[in-house]
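Going by the order they are written in, the chains are A, B, C, D and E; count residues from 1 in each one.
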């Protein structure tokens, strides 16, 4: 549709590889045989009805949830129970949550420098420089010394994005980053995300903002009942979906 | 505009008289030389930007706030520190709040009979009869035995109106009665208020519902920074305001 | 156009569900947890079997003297033979039916208050609260209407403990409410008086207060003025607990939105009427769990009257363990006491949790 | 600025002015309080005079003449009642402080155990909490004193550890240090080590901020703390003679002893209070939403770091206020020591001294003031801490 | 004044010990018995003609003086030693001596000591707030001995502690030691050491500043001693009141003169005391002497004309 939908430069470098991933909550089979490859610079939007397992899928990618069967490889590291491995992966995968989850007892700046300093063992000065850089990137450098409680929802979510970026992740995961925001704030967050996409960040994004999906996604994945039902480039996905579930879903969600 | 805007019958009987009223909150001068006469049956709408002192003005009328200078006479009783006087005035002035302030531990019926029984010392039977009458008037007699928490916002506000009416007040004060309501409920409350106006109740209403003002008000008063900036009949007020601040305000509020 | 065929749900791998899955995730999820489980099991094994052995298997249940006990396990014979004293103290044996009757009346009278569908519940409740104390006083103490007097010095045991706790809460509640209102008053002098009162009682240990009441009080009164020792202790306990109740109630008052005060005022209700009709009913309902918790604390605190020589439950047990005929029964005595206190307090705390739960639901309505 | 109302106020209307009323009401209340106070004071004065009871605080200088089994400062029978006061106060503070420390440690362990992923540990913690918080502390003190500690063997059959520590029904005896030639070098070395550790910590933090590198602070600190004094000992000789307890005719004498009264009261109070603190801690930790843990985890923080940097700082603000009242309760409950003959403030001063001198009013006033002072100090300290950690919000 | 207050309320409030066999203790039915209790009963018999009009307050040693000072009790009859400071500074007045006692030591035979001088280093159980506490420290200091005091509020606790071995020796007034001993599980394992380290005149006391009441309590006590000296017993006193020829007896029993009136008591006050409570010898015998479990010799407490110290002023 526009220049954002071009295939990324090095299409062959796999960043995420899910092979036959299954997951159960107790007896409940949430993820069924998920197969998904994401190459570097790809921007993927996950959508689907509530409870279809979108969150679970991306939470499996940084081991906030454990999968029980199948293989997940992130940037060449396989996710096992090895704590070292998990730590490495987590520091390379940034995640942004629906409810921001900023640390309320730390200032915006401290939120951003915490992980670089303690995980990357970065000097404080340097961590702060990088943090300010990213805060400028999300256009709130002037809030650096406030506490999260003093910011609006949109501002908080942008801080959350900056916080994740400060770890210089290779992949960013977003779990409905705008759904807890008032309508007037959604745009500022989406703009920030579009900016990120333009810089070539590999992104996996659970969202129902179809406008956003059209603008930035290389691929839209539709999930239902724990399975990937359809995946396609957004033009195809929105104009001419193959699957009847997808059509139904789209008809409900668009207008 | 329509027949509601006719001058009330006994225009010369003053119900409210404010003469040079000043009020301070600490060092902050909220009301500055307010002069206002309201005759029986008049329906006045107060509007103005937030913080301009509208609520404070009407709260002074039944001594929820104390004014520090000037004279306020309500239905012939001057507001002084005399408790007896205050009690008399309060029982003749009904008030409806933005947040309903129904008593959640009492049923709708008990909410309505509380003041008549304890202030007017009315027998329970009679109080209940009157209450049912007014609940019918606001079209929710069937909810009489529910608790406020079980009603929608619009219903609650109508109960609040009925509760105030049960004291058979001579004047009704409304402080943004619809601004805490979901849009679909605003109309049912406004309708109730229009009904009241048609019955000739003296009303002072803080609201930003300009449609309502057009329909029922005899006079619209515009306040800013603690002063009455302009007052006029609604036709004049909306079509041809004199003051530039009024114009600015109207331009912001009407679409 | 295709129709997606959903794959069937598969059963979870057996190591993730069922007993095995449960144990894996709840007991052995990591090496540290496995270690903790083993340590926990060892602890249980260390405590439970000897305890069961002592309290039940090897215990002696029948007999009437110390010699009937093998001393291998607990000697419950001791409790059994002193049971009446633990319950009634020195209340005359032939008049104990009066205590029983009072207790039965208390329970029977209270039942309708806890049932959902009692008609005129409020009126019944108030009537009960006024009438019961009179009846109970008549039954327990007597001295009028043809009832033989049993002086308070003969009261004792669990009966006394319960009486102190009940009177304590009944007195502390109204006083505490007044103090809470006073503390939130706009009149500075009243506020200062209430704050001082509350902080004083919360700052000193109950036993010093009880000591004062038991031996020093007459020093402050004109000569010849005489108050019953039990009554003085109760007054002190009431003051003490009222300070705590006041803080609980204050929390409730603070939780009532300002709009409620304003609405009541705008309707022409004065201070006392708006408090009684509008504010307090809501505030008190909010803090019922807090009040029950205070009552539990009060129930435990009654054991301190031992320090001033009142024959409450704990004291009657302590005295019994000093009886030469039953020497060496401390453990049995204290375990029994602990059990009884525990039953009462645990029961009440469950009740308070239940209320909290119910209130939570009430708010979400 | 005030109104001068034009309506001429009638006489009765003054009474209906809320301000007038408020004044009147307050005057009455103050008068009543003062009146009652004066009445009690007057009665007391007359009663004291009529009965020839001495009053005043002169008695504090009189010699006490009785022995005290545990005193943290030097005390002999010929010391004054004033000194008995200090002995009692210190004994009370000892119980309170040790009790608070133990209860806090145990309480935090319990609170964390209540949230353990391990079912068994969770249940055990619940059983502990439900058991101990529902039994009166006084009963627990009796239980430990009469049922647990009293049956310990006598001094002759002490349970001993390396013939240096002895446990029997007289308490726990252990060696006591006495100054020897090497004491000063030893103490100086220790002080130097402590200072060095503090400096090291500072330096390590600055270095971490500057370069991000970690310095093994813990191990170096331990090395310093042990090494330096050890060097001093090697160079200047032993710092202390140890007076090892020895069995004498009646008792094991010499060395330090922790008396069973102290053990009972401290054990009972900390076990009791820990049950409440455990619940407080659990509630505090639970008040921090799970999202915080996930966010920290997704940033790559380890569980330990998450707890230390994210969870605990937030939980503390919920924990502190109820924790304060638990501390206050424990301090007040320390007065129950009187029930088993531990020489605390109440038992020594409001008990024995009162009885020997007969000056009830003075001794009780002093005792109550002390407890009020303790309560207020704890409150102020905790409020200050609470303010420091309060969250800033809009 | 106390007498009026007592008459008004209809009973004597009497402070006694919280459990000391022979002196004051509650039996299984909760009824109080003992010498100290009998003094209270004698006062009630004198005032009301009814020895049962007494209410008891069981007091710990620590509470007792405050309770009397404050007016919580009318008479303190609780094995209390008469000392100068108590008499003078505490606002008490001792009315007489019911029992001449001295402080001693009770030890387990197993410890194997035969003299208090061998107690160096011992742990000693005492009751808080007693002269015992002070005498003990004097005695050990004078003899240059070490000791560790463990002070309890009640005698139950000190006895229990001796039994459990928390202390090696229990010190108290000798009479109390005998009383304590029978409260032990195996009394025969314990002996009272021969040393008596102090003078302990025990007697009832009243508040200072009320001479009238003081006299009543004092003379109730003297009446019992005089009765024994004159051979009056509970069995024969009524008879004697009617038939006596002995002027001493007649004056005491109110048959002659108005000695009761001087005390603001009924004429037959002494008759009632002796009839309902008994003479001093009877009381002693019943509670602590041969007729009791304690089996204490009269010793110092024999009448003066029998080699003892009990001596009452004449009624005249």
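Observations, loosely collected:
Following the convention adopted for this analysis, a residue touches a chain if its C-beta (ideal position, glycine included) is under 8 Å from a C-beta of that chain, and two chains touch if they have at least 3 such contacts.
Because the structure is predicted, anything quoted here is derived from the model rather than measured.
The chain pair with the larger count of C-beta pairs in contact, out of C-D and B-C, is C-D.
Taking the CA centroid of chain E as reference, the farthest chain centroid is that of A.
Distance from the chain C centre to the chain D centre is 26 Å, each centre being the mean of its Cα atoms. The geometric centre of chain B is 49 Å away from that of chain C, both derived from CA atoms.
Centre-to-centre spacing of chain A and chain D amounts to 50 Å, using the average Cα coordinate of each chain. Once the centre of each chain is set as its mean CA position, chain D and chain E turn out to be 43 Å apart.
Residues of chain E in contact with two or more other chains: 63, 66, 69-71, 157, 160. Counting partners per residue, chain D has 47-48, 50, 146, 150, 338-339, 360 as the residues that reach two or more other chains.
Under the contact definition stated at the top, the residues of chain C that touch 2 or more other chains are 211, 215-216, 218-219, 221, 223, 318, 321.
Screening every pair of chains for touch gives A-C, A-D, B-C, B-D, C-D, C-E, D-E.
Chain D meets chain A in the complex at residues 208-214, 289, 291-292, 294-302, 305, 309-310, 313-314, 317, 389, 391-394.
Against chain D, in their complex, chain A makes its touches with residues 62, 64, 87, 90-91, 93-95, 97, 99, 101-105, 114-115, 117-127, 147, 149-150, 160, 163-164, 167. Chain contact summary for the complex, chain B toward chain D: residues 22, 24, 67-71, 78, 80-85.
Interface of chain D with chain C (complex): residues 22, 25-27, 29-30, 33, 40, 43-44, 46-48, 50, 116-121, 124, 130-131, 133-140, 142-143, 146-147, 150, 328, 332-333, 335-336, 338-339, 346, 350, 360-361, 364, 367-368, 371-372, 375-376. Within the complex formed with chain D, the chain C residues making contact are 25-27, 29, 33, 36-37, 40-41, 43-44, 186-190, 193, 200, 202-208, 211-212, 215-216, 218-223, 296, 300-301, 303-304, 306-307, 314, 318, 321, 330-331, 334-335, 337-338, 341-342, 345-346, 349.
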